[in-house]
Amino acid sequence: MMSKQVNSADDLIHFIRNGMTIMAGGFGLCGIPENMINAVAASNVIDLTVISNNIGIDNFGLGKWLSKRQIKKILASYVGENKEFENMLLKGEVEMEFVPQGTLAERIRAGGAGIPAFYVATGVGTEVAEGKEERVFDGQRYILEKALRADVALVKAWKGDEAGNLVFKDTAQNFNAAMAMAGKLTIAEVEEMVPIGSLDPNHIHVPGIFVQYIFEGSNYEKRIERLTLANQV
Amino acid sequence: MALTKEQIAQRIALEIKDGYYINLGIGIPTLVANYVPDNIHVTLHSENGLLGMGPFPTAENVDADLINAGKQTVTILPDGAFFDSAMSFAMIRGGHIDLTVLGAFEVSESGDIASWKIPGKMIKGMGGAMDLVAAADNIIVAMQHTNRAGESKLLKKCTLPLTGANCIKKIVTDLALLEVGEKGFILKERAPGVSVEEIQNATEGTLIVQGEIPEMKL
Amino acid sequence: MMSKQVNSADDLIHFIRNGMTIMAGGFGLCGIPENMINAVAASNVIDLTVISNNIGIDNFGLGKWLSKRQIKKILASYVGENKEFENMLLKGEVEMEFVPQGTLAERIRAGGAGIPAFYVATGVGTEVAEGKEERVFDGQRYILEKALRADVALVKAWKGDEAGNLVFKDTAQNFNAAMAMAGKLTIAEVEEMVPIGSLDPNHIHVPGIFVQYIFEGSNYEKRIERLTLANQV
Amino acid sequence: MALTKEQIAQRIALEIKDGYYINLGIGIPTLVANYVPDNIHVTLHSENGLLGMGPFPTAENVDADLINAGKQTVTILPDGAFFDSAMSFAMIRGGHIDLTVLGAFEVSESGDIASWKIPGKMIKGMGGAMDLVAAADNIIVAMQHTNRAGESKLLKKCTLPLTGANCIKKIVTDLALLEVGEKGFILKERAPGVSVEEIQNATEGTLIVQGEIPEMKL
């Protein structure tokens, strides 16, 4: 069969070009595609529009792209852990669109699922609704939200095979599953490549149809933002 | 005596029924989990993709792949499940969460809530808060009655950008338990030893006091 | 913990009442909730609106409800295997709304996910579009489709636990997953009840939050509509 | 000589590229799988929730839980996956299927297709056909050029209720391979031994014949 596997992020970095819209999976620092993030940070790519729930922390994760001024615009739900970002935003060095977390996830899924737009109650009567169509269904107010797609989606899974099938672990799944669907080109990095046939077909989170390239990442740091232990509390 | 944060959480815990699926926000709401009676089983939802959130891990059990929406390391209980963000918010928006408890900067007498943005000061983003307040039938706001400057957080109209409009129906503060009615905040319970007058003085929005207002039982 | 488990369909049949809208999972006869279907067929409930991809075959599956004239209206994508239905339809004994299969699945998911309506290209320019809003996004034509919910959703899984967590097997998943989300009351029947903790939390198809009652079904016939063998072809 | 059903399938198989994800409808389209060259790997999608559909099972391997969209018992290949109906049609609507092959009662010169309903006669429903034709950029219709009464199935305008409008771009019949252009059916290839005139006579819609029309190579 045709393998989608490549050796490393270096083989794929040429797909990321100036001005592109890039999705990056993860919630906080959990489940982020560290290898591709580092490869982009090491490149000279600029003017990226980044769609991600968060934007990393100062100098880790997507924070690296910020430090290098590679980002033109961000769509995210929460950027609280990134001080550099706040400064850049106040100085007008980066554009920002805050998207409610559930609306963000659903807009991404819609992009992958061929749904151009849908209605949600989230954000009605708030600044999120500004400029959006409002409509009443069964007596309740909703706003129209549009699908999101990316030129390239960068996702991180636990295990994967050459066909691009992915399995996630725990809460590291988060935005990675929907983003895999929404990339015009989807690049998956995994902690472990496994042989075809070793993943249970009933328990594949992202079927390979959504993934164009896959590689086994290396040197995962998997940094913990808020280590909280039972005996501390 | 005004309630402590723990007591606010304790009062809210009394609203919980057996079998509830609950989403608890950061801060006081998180404390609510500590006061759920032993004979009541609740399932905690964390919007990053987790049902059945368990206690914080021991040092040996810490896993970077297992965090809650507050980005803290957590554990999962035996009856729990993991899922992706789209599914997680399908649960929220679809009305499958029985109770949502979250904090706020301000609540208005028409049930508006402001909790995510202070223009010029705080621009972190709304995270999942807008989804939560827009979806739930059963939301309790847990907050102090007044801010650090002593100004009321229960207002005629919110001054800060809204998280949601006309969505809050119940509020537990350090001074009182209130419901949002057609015409304003309806005072339902007083913190032990706190007078109606004190509550009135700390409430900028319309306060409706009908009959005797009982003290909270904790 | 609070158990959602009951003994059998008999304990739940009182939830199904005249005039209700009922979703029933399955694709053809694969993955249908046989026990609940039989319990309803044995009851005197009438005037049901049934949402299901198919409507069984003559006198098996939902075909039993048809034979007993328990159905007032059907929403389905394909009813080709049911001759009794065709006759009833021609005689005006049952109302029918044909819904494209993907639109049906998405309307059900939307119902469970708090999305009141969404746009799809499916059906544009056909009779499915009649009476629906048409709208252009990025130069392509779409129609507005509305969410579906059910008073009761009947689903069938392979394994389940007392918390209502469900796991499906193979293509028996089909509509069961989305319908579990869309029921105001969701009843799951499973081939095997397993102890809490024995399902891998990473591989639960339907988290228990969507399921109100669950029981271990009995006497599954699992009839095959088109037995096709390698050596026959 | 008009093509057999097998030869129609054989010609369509030449359109397949390595790595394609393909959805094959019931009838002639199903036969296409038999003619995919060994050096080309394709993944078959079945809209009831299966990628990597394998051959029909042996008697020992039959499983009522594993069927295809035609409700036949099938198997899954080692690189395959199961998923629910909403996800399956997300693949279709989202444009993730590289090639869709399906049958039709009629196709019009503007790319309309009628394939699901014959008023007063056949009321089975559209199944997944409307989703498939609305979504795919790459659809091939496989059908006979004329119906049993000898009437053309390639029309100026469909007479039967549509499955989709302006969506069909390529058709392979027993007589010819045609593309749907701005102004009608563009004849691209003739079945071996079939003349342009025969094709013209069997085509009610506008037939565009530009230059020499080659014979199909099978």
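Should a chain be cited, it is by its letter among A, B, C and D, assigned in written order, with residues numbered from 1 in that chain.
We adopt the following convention: a residue touches a chain if its C-beta (ideal position, glycine included) is under 8 Å from a C-beta of that chain, and two chains touch if they have at least 3 such contacts.
These numbers were taken from a predicted model, which means no experiment stands behind them.
For A-B, the equivalent interface among the listed pairs B-C, C-D or A-D is C-D, as over half of the contact pairs agree by residue number. Of the two chain pairs shown, C-D and A-D, the one joined by more C-beta contacts is C-D. Per-chain Cα centroids separate chain B from chain D by 55 Å. Note: centroid distance chain C to chain D, computed from Cα atoms, is 28 Å. One inter-chain figure worth recording: chain B and chain C are separated by 36 Å, centre to centre, where each centre is the mean of the chain's CA atoms.
Residue positions of chain D with contacts to 2 or more other chains are 76, 82-83, 89-90, 92-93, 135. Residue positions of chain A with contacts to 2 or more other chains are 106, 109, 113-115, 120-121, 168-170, 173, 201-202. Those residues of chain A that touch chain C in the shared complex are 106, 110, 113-121, 137-138, 140, 142, 146, 167-170, 173, 200-203.
On chain D, the positions that touch chain A within their shared complex are 18-19, 21, 41, 43, 45, 51-52, 76, 78-83, 87, 89-97, 135. Interface of chain C with chain B (complex): residues 1-2, 109, 111-115, 161-163, 165, 181, 196-197, 201-202, 204, 207-210.
Per the touch definition, chain C reaches chain D in the complex via residues 27-31, 53, 76-81, 86, 89, 96, 98, 100-106, 108-109, 120-128, 158, 168-178, 205, 222-233.
Note for the complex: chain D touches chain C at residues 46-50, 55-59, 62-74, 76, 82-86, 88-90, 92-93, 112, 123-131, 134-135, 161-166.
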